[in-house]
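Chain nomenclature is as follows: A, B, C, D, E and F, assigned in order of appearance, with residue numbering initiated at 1 for each chain independently.
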Amino acid sequence: MELSTRNRLKARIKDIKSDAIMSELVLDVGGQEMCSTITTGSVNRLGLKAGDEITALVKASSVMIAK
Amino acid sequence: MELSTRNRLKARIKDIKSDAIMSELVLDVGGQEMCSTITTGSVNRLGLKAGDEITALVKASSVMIAK
Amino acid sequence: MELSTRNRLKARIKDIKSDAIMSELVLDVGGQEMCSTITTGSVNRLGLKAGDEITALVKASSVMIAK
Amino acid sequence: MELSTRNRLKARIKDIKSDAIMSELVLDVGGQEMCSTITTGSVNRLGLKAGDEITALVKASSVMIAK
Amino acid sequence: MELSTRNRLKARIKDIKSDAIMSELVLDVGGQEMCSTITTGSVNRLGLKAGDEITALVKASSVMIAK
Amino acid sequence: MELSTRNRLKARIKDIKSDAIMSELVLDVGGQEMCSTITTGSVNRLGLKAGDEITALVKASSVMIAK
């Protein structure tokens, strides 16, 4: 499967905090920290846990620039 | 100014392509490539050009995970 | 590759309109029409054209409800 | 009221899971499954429940393509 | 039609710039300026023009906070 | 720091509701109500509380129009 988004950042999960509906993942992207909120259902379905090597996907239209 | 998003990735602009309304920026994030689409008006207002050191901002709710 | 989003709608591309930076795709999702804007660079990279069977991906946090 | 987004998918709510702040809705879109996260406040305000016929709204800029 | 998002800001269109695919709208929201990018197809379909009184809709998950 | 988004609405926090992962903020934007969902971690990190004068940030690509 090929994706339209080129924003596929290799990352490692540093931490996952979950409640019933939502989970917050802290990611390490080449030494920089990034945060993702996804459903706890998806965390369980993918079997995500701290230490996993994953890919962070972001649509280009969601990326702002600060200078 | 302090932002609610922790997703502030240091990046360098590799390339900017623009038409009248939209611009596409290719970013280098620690060796990984990332793409951002913002208005050409914002590119001009910030004076963005290839080579600039910038920060890429992404709201945590926009970050998906692939494994 | 497994994705955190469960929103993977099988669709067929009905039409693509492009300018230099952005493209607008009209999709047929089981008889319902859906629209996607992605970069023209991604349209070319994936070789997308009218008639293609594709999957439309949407993060759950981007789906609103009207009643 | 007329909306700028053409992405208005007729759907039926299959399931709602809620905690204090966020709710996760599983939708049936013509036989395909779709997921939406909205606030529990909005679920209550609209009186949403399993079985309801609703419309799922998505801005075109939030729709990615996989091939 | 009732929407899940409570973010419905009354606004007036100050300016519209369009190219073939995308349009940029500058809005006046009670004296504050706001910008929206939608497809030119939607601008034409809704017959939007400078001076129109409209409603700007934003999903709560897309609103960041700066302090 | 200069941001690519021009959508910076001055607002006052009217109310914050939190659970472990997500918080919902009700904002007053010049007399109009707006809602934001951010992580509870960010609410705590910024020390946000009812009554605070803040800025609501929204990327232009996330703003829909209703007429």
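Here is the rule we use: contacts are C-beta pairs under 8 Å (C-beta built on N, C-alpha and C of every residue); 3 or more make two chains touch, one makes a residue touch a chain.
Predicted, not measured: the structure shown is a model, and the values here were computed from it.
Q: For subunit E and subunit F, which third chains touch each of them?
A: Joint contacts, listed by label: B, D.
Q: Between A-B and D-F, which chain pair is linked by the larger number of C-beta contacts?
A: Top pair by contacting C-beta pairs is A-B.
Q: If you average the CA atoms of subunit A and of subunit E, how many Å lie between those two points?
A: 29
Q: Could you state the distance in Å from the CA-based centre of subunit D to that of subunit E?
A: Between these chains, centre-to-centre, one finds 21 Å.
Q: Taking each chain's centre as the mean position of its Cα atoms, how many Å separate subunit C from subunit E?
A: Distance between chain centres, rounded to whole Å: 22 Å.
Q: Spell out, as numbers or ranges, the residues of subunit B touching 2 or more other chains.
A: If we look for residues of subunit B contacting two or more partner chains, we find 1-6, 19, 21-22, 24, 35, 37-39, 41-42, 46, 55, 57, 59-62, 64-67.
Q: By the document's touch definition, which label belongs to this structure's chain graph: line, ring, star, complete, or other?
A: Topology of touching chains reads as other, fitting no named class.
Q: Would you please name all pairs of chains that touch?
A: Touching chain pairs, listed by label, are A-B, A-C, A-D, A-F, B-C, B-E, B-F, C-D, C-E, D-E, D-F, E-F.
Q: For subunit A, which residues count as touching subunit F in their complex?
A: Touch list, subunit A to subunit F: 17-19, 21-24, 35, 37, 61-62, 64-67.
Q: Of all residues in subunit E, which touch subunit F in the complex?
A: Within the complex, subunit E contacts subunit F at residues 5-10, 24-25, 27, 29-38, 42, 46-48, 52, 54-67.
Q: Please name which positions on subunit D make contact with subunit E in the complex.
A: 1-6, 37-39, 41-43, 45-46, 55, 57, 60-61
Q: In the complex of these two chains, what residues of subunit D are touching subunit F?
A: Within the complex, subunit D contacts subunit F at residues 1-5, 19-22, 39, 41, 59, 61.
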